[in-house]
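Both of the next two complexes hold subunit A, though its partner changes from subunit B to subunit C.
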Partner chain A sequence: MLTSTLVLGLVLGGTYAMAALGLTLQYGVARIMNLAYGEFIITASFATYVLFTALNLNPVVAIALVVPAGFLMSYGIYFIVIRPLAARAKDAASLEIDSILATFGMLFLIQGLLLVSFGSNYTNYSYLNTPVEVFGVVIAANRLLAFVLAIFFGGGLYLVMTRTRWGMAMRAVATQPESAALVGLDINKTARLAFALGGALAALAGVVISMHETFTATGGVVFTMKALVVVILGGVGNLLGALVAGLLLGLIEALVSTYIDPGLTLAATYGIFLLMLLWRPTGIFGRAGSR
Partner chain B sequence: MLDITALSLRYGKHMALNDISVQVGAGESVVILGANGAGKSSLLKAIAGLAQPDAGAGVLFNGTSLSEIPAHRRVEYGIALVPEGRGVFGELSVDENLSLGAIPRRARDGESQRRAGVYALFPKLAERRRQRVGTMSGGEQQMVAIGRALMSNPDLLLLDEPSLGLAPIVVGELFGALTKIRNSGVGLLIVEQNVKFSLSISDRGYLMEAGQIVGQGTAEQLSNSQTVKDAFLGSPGDPHNQTQGAIK
Partner chain C sequence: MGRPVLFILTAVVFAVLAAVPLFLEAYGLGLMIGITGYVILASAWALFSGPTRYVSLATVAFFGIGAYTVAVLGDKLPYPLILVVALAIGLAVALVVGLATLRLAGVYFVVFTFGLAELIRQLITWFEVNVTGTLGRYIFLPLEARHIYWQLLALAALTLLISLWLGKSRFGLALRVIGDDEVAAAHAGINVTGTKLALFALSASIMTLVGAIQAPRWVYIEPSIVFNPTISFLTLIMALLGGPNRLLGPLCGAVPLFLLFEWLSANFPNHYSIILGLLFIAIVFLVPKGVLQLLETSLFRRKAGTPGALRKDRGIEGGHP
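For the complex of A and B:
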């Protein structure tokens, strides 16, 4: 029973980790608290669903279409919605508040478009829905694939952020934006790229989640909240932190659900969140962001 | 190389710089001496593009006007600032800080030689390439800041009180390194309150008071000047004097 809980918890955590990576980039580097983040995830899930049902496109292949689209859309949104806010913001705090308000509006806009297009029913499709055995625990193959993809892309992103000059620049802007110009870095350009990359990661999460979960047009908020919990747990802007915190959150939820009561998982999540905010607001690993 | 003319700068109503003219020749080493609040940092920020001077100010560098060039692009022209408080990336390692210093295009060729040069200049950093800069001592962080600036392959290095808050022995080491940098042909514009050391590595100097240039001369002239002695070189026998009195 414990092994099975651990395996299920890790698989669930992989999804959380993946969903949080983009948000931690957007919040940590671009300083945008994107309340519509979950809607980006859901939009990508629906896009994958359409590609799968209408064109019979394999969801893994769909990654190659949906993720670049997520990048471009976020880039465009930054230009249209965020850039004017960033240009007039006096400081990081006022940009944060403005961006919360703007993306809160965007949340309902995207949700409305999804409701009009797909209705309010739960949607899913069947892909790799065959049982496989991991450490003696039987899970659906699509869940295992989702976990592998989360680790693959999460680990890859971590390497990019730590081994490339481009990734170092992102981390530098996250922690010390006032020094960016000294080394020839344009903060606005870096912020734009980080926001777009965050959108690409939200899209990736949406594709992967759609492989094994049912989703609805109104379900984005839950993803935003869970991703936010993971981001705070891992330290704002800290990618490795988000990966570990995501896995941890999955484990905790699985343990609570198995050993205490399934009805308490959400309560446990927010309990941990509250404790963290009170006791270690910079996250378990400290932040790569400076707020 | 650097030609500043008629530069004024204000913060709201407060006039921090008033009609400043300062020149630095190619490969020259120049010091600006002034008490707290004289406007030294403001001047370096204006040159680096981090503070916006009043219209009409002339900032010429190698014949190009930098007035319309944003701060992050001025590094491309060959100006590197080591700011007050160092401005290092504390969460990143020494090596990563140096890599970021080499972002400008002019720094790409010869990056690895330049990195080796920085580590030869500051052997202490070579032993700590992977250490997080935020965990290092003030002197070591200053070395990182200077090393990072050198990685951009600058023609002119702007240094804002590099000796501030450092122990005398570390200040000695630091100025030793600055002498080597100067001898390598990089121009230096140093803002300091440590008169003795900064004049010892400078060709010329300016005296600044309340936002204005109130005196200038060769390093030798300034060392012998009564104004400078009164203002900065307090009691004889105190070799590391950092008096912060006003220039009379």
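For the complex of A and C:
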């Protein structure tokens, strides 16, 4: 019982971690609090669903289509919506308010488009729905695949961010925007790329989620909430923090769902969030007073 | 216009509004109830979020708490006592949320309020399904539409009076200093967290009362009806359109937008959220400080820097260095 809960929790946590990686890039590097983030995830889920049912395309192959599309879509949105707001903002704080408001509007816009296109029913498709055994626990193969993909892409992104010059530029802009400009980094370009990369990761999370979960046009809000909680738990802009906090959240949800009640998982998430705000608002890996 | 003239004018307007139920049909009265409800919600939202610039997405959490309390206690307590209980619950939730988030940067508050309504909805649903075994409740209270309307009208007058008082009092001044520069406010001896908390609690209490007063209109209540996130969204967009830093700003936003949304939901029910989203983005882009301020600056361009006009550039505090 306990092993199966732990395995399921880790699998669930892998998805949360991946969903949170994109948001932590968007908020940590690009400084855009994207409240429509979950809608980007759900849009990718529906795109995968359409590709799978209409064209019979394997969801793993769909990644190659949906993720670049997510990148381009977020890049475009940055140009059309965010850049004018950034240009008129007098400082970081007023840009933050404006971007929260604009993406809140985008949330309803995308949700409305999805509702018109797909209706409000729960949607899913059957892919790799065969049982496999892991550590003596039987889970569906699609869940295991989701976990492997999450670790593969999450770990890959972490390596890119820590080992390449390009990743170092992103981290520099995330921690010290003023100094980053002094050493010749183009902050706006980096922010644009980080926002688009965040959109690509949201799309990836959407593809992976669609493999093993049911989703609805109105379900994006819950993903945004959980991703936000993970981002703050892990420390804003901290990739490793988001990975660990995501896995932790998955474990806690699985434990609460098994031993207490499945209806209380969101309450558990919020309970942790509340404790975190009271005890360590800088995140698990954050230093006191750094933010 | 002198002060007494203004006072008499306001009294006349409210007297006319109070007489409205004597002339209107049921549909018209329903519209008036809806408008008055949103005028109060938007004014209460602006009460806290206008001066402090903390974007609250939790309006419906408090509205729903009020409405659901009435549904639960409807036949168990006398009506005025139910309102008091609803008010107490709303106040308690506001204090917990405020204590946890208001001493931190504004973004934590946004994130927390973003999910608050969903959290409370799920908790109530869980409680009703597992403990009481009933999901969905009926409200049978001997209240007619006009009684609800008069109560709302009184609450609207009270909310506007509080806003007016805040604009003139030391407390209101403290709030504007906090909105302008939190560090300077703390150095000037203002209890920053305490002031924000008090105002958030006040604003949330008013929202709770709106929910409680409007609840009997539904007759049948489910958590998903009274915790509908669109209510938070509409309140926010109304306050923004009119301008949250003007006494009558939220009112000027609420009246036209409520009528527009009424028309939209009757004629374009499927495209409602799309139009809402587009309209919202348009407002953020075109009238970021509200219509009233826009009119003011274009009419009196010479009078730059009116005392009420706050600088927008010091919004949500911190988050980033």
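Keep in mind that, in the parts below, the second predicted complex is superposed on the first by the 286 of 291 C-alpha atoms of A that agree within 3 Å, B and C clash if a C-alpha of one lies under 4 Å from a C-alpha of the other, contacts with A are read in each partner's own complex, and residues count from 1 in each chain.
What we mean here is this: a residue touches a chain if its C-beta (ideal position, glycine included) is under 8 Å from a C-beta of that chain, and two chains touch if they have at least 3 such contacts.
Small disclaimer: the values here were computed from a predicted structure and weren't measured.
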For the three-chain model obtained by superposing on subunit A, do subunit B and subunit C clash or fit? fit
Using the touch definition from the top, say if A:Asp98 reaches subunit B (first), subunit C (second), both or neither. second
Please work out whether A:Ile260 is in contact with subunit B alone, subunit C alone, both, or neither, and reply first, second, both or neither. neither
If you stack the two complexes on chain A, which partner ends up touching A:Met225: first (subunit B), second (subunit C), both, or neither? second
After lining up the shared chain so the two structures overlap, which partner does A:Met168 touch, if you call subunit B first and subunit C second: first, second, both or neither? first
Is A:Gln111 touching anything from subunit B or subunit C once the two structures are fitted on A? First, second, both or neither. second
So, does A:Ala64 touch the first partner subunit B, the second partner subunit C, both, or neither? neither
So, A:Pro177: does it touch subunit B (first), subunit C (second), both, or neither? second
Rounded to the nearest 10 degrees, how wide is the angle at the Cα centre of subunit A between the Cα centres of subunit B and subunit C? 90
Residue contacts with subunit A in the superposition, subunit B compared against subunit C: C
Overlay on chain A, subunit C to subunit B nearest C-alpha distance, Å: 12
Across the two complexes, what residues of subunit A are contacted by subunit B and by subunit C? 176, 178
Using the touch definition from the top, list the residues of subunit C that touch subunit A in their complex. 53, 55, 57, 100-101, 104-108, 110-112, 114-115, 118-119, 122-123, 125-126, 129-130, 229, 233, 236, 240, 270-281, 284-285, 288, 312-321
Using the touch rule from the top, collect the residues of subunit A that touch subunit B in their complex. 165, 168-169, 171-172, 175-176, 178-187, 288
With touch defined as at the start, can you tell me which subunit B residues reach subunit A in the complex? 48-50, 70-73, 75-76, 80-81, 83, 87-92, 96, 99-104, 148-149, 152
Quick one: in the complex, what on subunit A touches subunit C? 31, 33, 35, 81, 84-85, 90-94, 96-98, 100-102, 104-113, 115-116, 176-178, 221-222, 224-225, 228-229, 232, 236, 261, 263-264, 266-267, 270, 273-274, 277-278, 281, 291
